[in-house]
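Right, one structure below, let's go through it.
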């Protein structure tokens, strides 16, 4: 049983143990849940250390038959990209537990249910990145929505029920489209040498162009809804506004990454020709998302939906990076996914603390935090800087790689994307100016600064943002082989420099 | 290229100290500022040591490099965190750390009453670290990190007293304007990478000869946009005036001596791009000329002493940018003017600071008058700076500015004459507004309001001013004796043609013309400001009214960018709700409506159910009958 | 010389055992003491079902097409469905055993003195058990019948008891009697169509057996008009029983009116039996003439899926909503019929079993959600159940998620297999419509879950009565089935695949 | 006289029955129309049996008669129960279950 399967089962086992704890003793429940999530982080770090850097094939693989009738089996394995995303997930979960210590109190159900749902969600998050069987991926991809649905609906605020419903319906609709595509792919594999759901063999299938386009659309729309691209994004702000800070961190930080991860892992490797035909359209959508998300972020009144719209703009960058298909832009996009995870976590958690202290989530209600709560103000400021991709922080490295890579093939898109960084400066600094600078109004005079627990929660995230900014080598080293394999599968090579020395 | 190991200290020391001071918080309040000043001084000392070590080395071995670690390596993009200290960057290192240390010392006294002095010194050290990274980076990407780091530091320093919303807005405006410039720099890097496959200066230099003219012009234009953003040149110059919201030492260090000159450094460093594309050089010259006049005109009408000096900085940098556009020989003179300007402008800003310090933060010059009696040392140092900026022979300004006017004339043809006369006109206007400042502040009659009782600033403040005054006196002569600076920079900017070739006008004639124009300017100013009303008069020439409003630059930006931007955002916010979300809700609504209609068909009568069945059968029969026909 | 027809008693034994059980039930009803009657009936029927299932398991490998000359062909698919119907019956009877759902004396006038007396005396007519057993016998015969006589007889034996049972509800007697009337009139109406169709097909082929019909179509001997009209009229009877759209109007009213245990049993078992016969007729009898009937069955399946999902959205009553969802599921299985492939057959067998089990569980839960005046099936009254009794609410949500086809539930695997079979045989439009209608269906399932869990309970006191041990067993069995078939479907799926064959 | 005329007769009878169910209000009459449809089918069976010369049709018609009888038993029981509780046998009165 490979370390990956044990990593998958650990949080599930944790949820079981939490299930048996007495619901009355909230403190114990929280500590046990935190302990399990830290254990998972430890195991994932051990796995990362024993990951063989220069072999780009899937590692820690394990295959067990599940439904023999359709040759569906429990097949897991990870390459560089999946490893980096799993590491991000396992680091974020304990941070979310620690940061949202009191998030689980005023929900519809008791504390136990909150942590059981989160631990189950963690299993599914790890599972979705490590599944190498398309059916297994699809099952987790759909089932993952339920814990979040109950988390938002049960523990959120504002009209949380409607937000949860909209989120679930939107993603399920995407999921069902993908179901049709998965079935199509399966049937084609039946007629071409044996029914299979294995990613490697599915990418060898030769599919005629019209079917390939339809199947590509089936997959792509589901992923475009998940990582919200421009027209499919309206569920994200409402969900982020109603969910607790911890849930929205996981929702935007990890769950949405499944969308962009899926685009790389499935859309590109199964349907290379369709990818080429649709790339111009997708690039346009990505650029629209960048500018549209930024403009709307500037216009937001509520701090959570501001962060949500910034993420929509960032997802535009990621998709631009993916579909520009040069080694710089693809590596940049994957690295961007990781950085965005930590950046959004920092933003949401600090915003969550500010909202908890001030009691309202309207930006106008804040003011002069710098005087009253300097550490909180500074962490929000640094999180904001990572959102506007300040050099020295990790998001700059990834954003620059994406734009640099995209410029080689789609100069106009890259230029418009670069204009996005001006808008990024605007929406971050406007929020910082309203929330942190200016005089401290009487209403927010009594705000207390971060306590030790919160500092411990946010410290690793900011440390990672800075460290990966200065020394991104360990992450890039792991991602590069995956990019090379994806590029060779898609039959694309880097454009060579014009002036040969 | 000698490999040296102590370049990293230039950046590591100030960065470490700024991080330490910020993290330690209140605990470091007592010794924070001393520690920061010492760190800045030690960086200066290392710089001097390196300078003499460089002089010791001959020819090629002068430049020193150090590879810290491999920063980004993806596919064909290999970027190391490498540092390069060559003749050009040593000038900047010395200027930054030297003037920086003096300003650190000055700030100890100036900020003594401020509760957050430790945080101020932390930001200053952060700025020094970022600026040194900018000048020491060996590739455009490393330069870019320093470039935005400096932008961040200036944002923090301008917005130091951010409890006042106006100051916070000024800080934001500065950062966003810089960001527009940074777009230019990143695009230049992208074009360079697609053209040459590398982003290091050496690599780009090598490839520049083979690249197409269009690409080079594009890179040049983008670099110019970046320089305009950072050095507050036309069209991105609106933020410099508001940047005066920061404490005066900040304006002295950042908005006079160091940061605003980053643009000049960038263009000088990428001289191989500009030399290879004349169109780019023409653009540089045009931007320089426009800003030169633009700054000078604004300077004539500003009553706030710091805004007047800021406008003068803008126009002096216009001179430098113009010089860099005049081909290889211009680079050296631009750097020379940059260094001399660093001395006398920083000196004047510190002088203004000590005047404000004395007049408990009164900035309106119409409230000053006859301060020379009360603050003799400030008056003296400010006066020396004044003489230097005018270009009076023995002082620094004469050597650097005249050389620029000369090269402007020498660029030949109508362009030569046009540029030469613009620079001369600029010198005249500079003389006018600088004399106006001198007269309003130190000479003339006393116009203080009751509460003000000015006094001389303490030793810690006037000592750096004196040092800078000495610099503004001697630096011009030293740098020019035997064209020391030109030969020193020769390997970097290969200004090897004899710059004495074909003069349009002999140098002596040019200097005379310049001096006469300056004299005229001084005379006009002295005559005009014999009696100064305390309240700014209303009926003034149209040009002065315009100049008071910074030639409507802000209203232009608001009209063209800000308001349409806000309207677009508001428009997008409700279209997003109505259209995109609307579509989703429409689908829900349609499903709802059709569901309720379907419900009504079920009306409960058995006979209607039976009728539906019969209709179903008839439909089937009809369909099958048609199919089989 | 007349030779006695050779009846393969081993294969027919399961049906006979059930009939035996039913007859004993009638005798008990007549002679046993009232106090003893209910318990005795329950034991007898459960015993009959278990013995019959045991016999079915013993003969599972030796299916033969001439079990009763040409009338019955007990083959793989038939046996699988018989097994499924027996399981549904077992679970159904457990829920039916909870007596207070049924009128003490069906014939007594509602609200009359006579009825009040019957209630005091605790007289409790338990003829519902034998009626169920007769219905089960009919249902077991219907999928294996291969000639028109047996088909028609099985159809009637299966339907008549259901018409009666629909009218037995103890509370809201008027609604229940109205449901019975509607079900009867429309049921009889559709069987008349069925018979006339059979007559026409007999006219076309000359024999009353399906095999004869296939040979006739291949030989192209008869007059085509009879064939076409015959197919249409025959399928009217079948589509009515299954609840396909133009013939679905009875379902919502009857499901709402009939007593809930009966609705649960009926929804699961009738659908399995009806689809059994439809599969056989279309796969064996009419597969040679598929070009003529495939288009209109496809159209019906599309309309059924869409109307089933759409109409459910605005329903106020829980039972009516589940009725529309069962109509939508009928639409999905119809796509399997249109696909006419071996995979489609195994997919539909699995789908019928998975869906049937979940339906019985869902309706069982509706029986135990009550207020002072008995069952509450108004959806708005269920608000906040998640808070009051989380276990019941989460089990009910599990069943709804299975209907919606959310992964890790049996419904998902069923839908996946049906859609892949349909895709394989080329009707991709059906798959797309299927996917879209399940997207619409998800909307109303989630609205209910949202109501259960996320809206706060209002004042009126609906409370979950502690269900009798039998109902609790039935609900937990169906829940376990729904989960296990979701996570490890190959347990039943492999059986479905082995049994997916028809013998001519 | 050609035997197939009986087929047309049975078809006509069937349609009359079918329309009768839709048009008439009284439950008993509706039920009679259904019986009429069943007998039309019987007639068809017998006629086809005569055309094909084998007895299968006639045997089937016996079975349908038996089944029709059972239907009568059940149907009338339900209709009588409805009548006693509602005092009217009209099919349209039974419309509580709707929408």
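Here the chain labels run A, B, C and D in written order, and each chain numbers its own residues starting at 1.
Keep this in mind: a residue touches a chain if its C-beta (ideal position, glycine included) is under 8 Å from a C-beta of that chain, and two chains touch if they have at least 3 such contacts.
Computed from a predicted model, the values in this text were never measured in an experiment.
Engineer: Quick check for you: compute each chain's CA centroid and the global CA centroid, then name the chain with the smallest gap between them.
Structural biologist: Of the chains present, the most centrally placed is A.
Engineer: Roughly how many whole angstrom separate the Cα centroids of chain A and chain C?
Structural biologist: Result: the chain centres lie 45 Å from each other.
Engineer: CA centre of chain B versus CA centre of chain D: separation in Å?
Structural biologist: So the centroids are 97 Å from each other.
Engineer: In whole angstrom, what separates the CA-based centres of chain A and chain B?
Structural biologist: 37
Engineer: Could you put a whole-Å number on the gap between the CA centroids of chain B and chain C?
Structural biologist: For chain B versus chain C, the centre distance works out to 80 Å.
Engineer: Mind pulling the chain A residues that touch 2 or more other chains?
Structural biologist: In chain A, no residue touches two or more other chains.
Engineer: Going through chain D residue by residue, note those that touch at least 2 other chains and give them in order.
Structural biologist: Those would be 18, 21, 30, 91, 94-98.
Engineer: Mark out which residues of chain C touch at least two other chains, giving numbers and ranges.
Structural biologist: 181-182, 185, 189, 193, 252-253, 443
Engineer: Taking all chains into account, which pairs touch?
Structural biologist: Contacting pairs: A-B, A-C, B-C, B-D, C-D.
Engineer: Give every residue of chain C touching chain A within the complex, in rising order.
Structural biologist: Listed in rising order, the residues are 346, 386-387, 390, 401, 406-408, 412-413, 415-417, 419-420, 423-424, 428, 431-432, 435-436, 438-439, 442-443, 446-447, 450, 453-455, 488-490, 493-494, 497.
Engineer: So in the complex, the part of chain A that touches chain C is made up of which residues?
Structural biologist: 66-70, 108-109, 138-140, 142-143, 146, 150, 153-154, 160-161, 164-165, 168-169, 172-173, 176-177, 179-180, 183-184, 186-187, 190
Engineer: In the complex formed with chain B, which residues of chain A make contact?
Structural biologist: These residues of chain A touch chain B: 166, 170, 231, 233-235, 292, 295-296, 298-300, 326-328, 331-332, 368, 370-371, 374, 385, 390-392, 396-397, 400-401, 403-404, 407-408, 414-415, 418-419, 421-422, 425-426, 429-430, 433, 436-440, 470-473, 476, 480, 483, 494-501.
Engineer: Quick check: in the complex, which residue numbers of chain D touch chain B?
Structural biologist: 18-19, 21-23, 25, 30, 91-92, 94-99
Engineer: For a test of understanding, state which residues of chain B touch chain A in their complex under the given definition.
Structural biologist: 25, 69-77, 81, 141, 144-145, 147-149, 152, 155, 159, 162-165, 168-169, 171-172, 175-176, 179-180, 182-183, 186-187, 189-191, 193-198, 203, 206-207, 210-212, 215, 565, 568-570, 572-573, 576, 580-581, 584
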